[in-house]
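Next up: some structures, all given as structure tokens.
Paired with chain B in one complex and with chain C in the other, chain A is shared by the two complexes that follow.
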Partner chain A sequence: MLFFSYFKELVGREVTVELKNDLAIRGTLHSVDQYLNIKLENTRVVDQDKYPHMLSVRNCFIRGSVVRYVQLPPEGVDVELLHDATRREARGG
Partner chain B sequence: MSWAGPEDSLLSTSLASYLDRREKLLVLLRDGRKLLGLLRSFDQFANVVLEGACERVIVGDLYCDIPLGLYVIRGENVVLIGELELNKEELPPHMTLVPEAEIKRAQKAERDASDLKGSMRKRMEFLDFD
Partner chain C sequence: MAVGIRVYSERVGDGGGEPVLDAENGEELMHVQPGVSIVLSNGPPESPGTLYISSKKVVWLSDVDREKGYAVDFLSLSLHAVSRDPEAYPSPCIYTQIETGDDENVDESEDSDSECNGTLDLSKITEMRLVPSDPSQLDHLFEIFCECAELNPELIEEEEEHNWISSVDQLREEGTEVEDPNWFMSENPTSTIGQSNGDHDLARTVLELQINDRRFEDADEMEHDVDSGHH
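Presenting the complex of A and B:
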């Protein structure tokens, strides 16, 4: 549940989601669920010319299982906090 | 069976908001296919039912929408489900709509070319060019 909570904190931030098929989509994180499915708003594809079919997609649902990376704004990560939370969770909450 | 209530925080990431759209959705599949259709049903695995589905085949600057009918897609094959913005070109203006027969031909030509490239590569493997 740690990363679910973690991503919930990032709602509203601008992120880039890179998928396993190399498609990279930038957008505002609208929501995330327990499977780490992601909903993005105001999306644009990083390499638009290569993916013409994505031209008019402005918001989308991405299945968690196809995500390779989520690139976050550097100020969006409080590593210290995450580190503590991880230790707490490893001890069993 | 219980249904998620509005207080369910998971609901906001569900596909429910796409259910009652009158415009078609774009469903991207793991094999690279692009399906368009109206979302009629879904579940927690992202299994979806598309009504009036068609496949959008794109080869270079050519495209064609091939009608398919009612489709049930197994969730594991779904990559992305996107809403197409109204009043906006769905594809860049330089792309041309062609009949199904022509797109099939173009698709085959593309496949043959990539097969040929693959077999040439295989034959040249002894050169070790990577």
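Presenting the complex of A and C:
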């Protein structure tokens, strides 16, 4: 549940979601659920030459199971907060 | 796991209406959208049809050809989006990507292969567009897709664990299955000889030990004798 709670904090920020099929979509994180399904708004495809048809879908639902990476905005990463959260998670609390 | 898109033409009753759903396993019809054409991969739009969204899958059935229809499980839908940009596609549509199970090879081969052959290999279809005749329905359709996708969470973690465990078990079973016959094969022909040989060896060793014991005794006596002989 750590990632779910963490991603919820990032709602409204710009993220890049990289899928397991190599498609990378950048957009504003609209919402995330417990399965890490991700909804993006104002999306654009990072590699537009390779995926021209994805050029400009406005909103997009991405199945959590097909996500490989989520690239976070550096200013959205609170290292201290993550340290605490991971320690708590490791303790099973 | 993911199976991609498939042909689907099972309809309720006389075959004029709704698709047959798996009601026993709780599958429910969530939404019906008439006047939708379907576009697979980069193919042409197919005859007008009706879109049925159930709690488990998306079914499109042709209004013209009763035998024609497709279905894709929400578990196989990697993403869905509203596409309104005419540069992306001329008509506003719901754009979906389909997980086929062998993603690695599909991306490069799918477009050229399916187009060149003129026939669509459904197992290689990774893209599907649903074009409603009423574009104002797109946002509503998108939300329904979202709701239904969330109703179908991935079983992957469990599956992977099961696969992992079962594959390890299989490895072990295969290992023992391979080892067992070999072990019996080599053991059986030699066991009768081997056992008797072993017995002989054991008997000899015991004899030798006894002999050695006597030799030590003898040696003592000999030493004693020699000592006494010197005397």
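By definition in this document, the second predicted complex is superposed on the first by the 92 of 93 C-alpha atoms of A that agree within 3 Å, B and C clash if a C-alpha of one lies under 4 Å from a C-alpha of the other, contacts with A are read in each partner's own complex, and residues count from 1 in each chain.
The rule is short, and it goes like this: a residue touches a chain if its C-beta (ideal position, glycine included) is under 8 Å from a C-beta of that chain, and two chains touch if they have at least 3 such contacts.
Keep in mind that this is a model prediction, so the values were computed, not measured.
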{"item": "Clash or fit (per the criteria above) of chain B with chain C on chain A", "value": "clash"}
{"item": "Which superposed partner A:32 touches (first chain B, second chain C, both, neither)", "value": "first"}
{"item": "Partner chain in contact with A:70 - chain B first, chain C second, else both or neither", "value": "neither"}
{"item": "First (chain B), second (chain C), both or neither touched by A:57", "value": "both"}
{"item": "First (chain B), second (chain C), both or neither touched by A:85", "value": "neither"}
{"item": "First (chain B), second (chain C), both or neither touched by A:24", "value": "neither"}
{"item": "Chain B and chain C footprints on chain A, overlapping residues", "value": "19, 21, 23, 33, 35, 37, 39, 43, 52-63, 65-66"}
{"item": "Residues of chain B touching chain A in the complex", "value": "10, 12-15, 18, 26, 28, 30, 32, 34, 44, 46, 56, 58, 75-76, 78-85, 88-92, 95"}
{"item": "Contact set on chain A toward chain B in their complex", "value": "19, 21, 23, 25, 30-35, 37-39, 43, 52-63, 65-66"}
{"item": "Residue ranges of chain C in contact with chain A within the complex", "value": "77-85, 87-89, 95, 97, 99, 103, 107, 126-127, 142, 145-146, 149-150, 153-154, 156"}
{"item": "Interfacial residue positions of chain A with respect to chain C in the complex", "value": "19-23, 33, 35, 37, 39, 43, 52-66"}
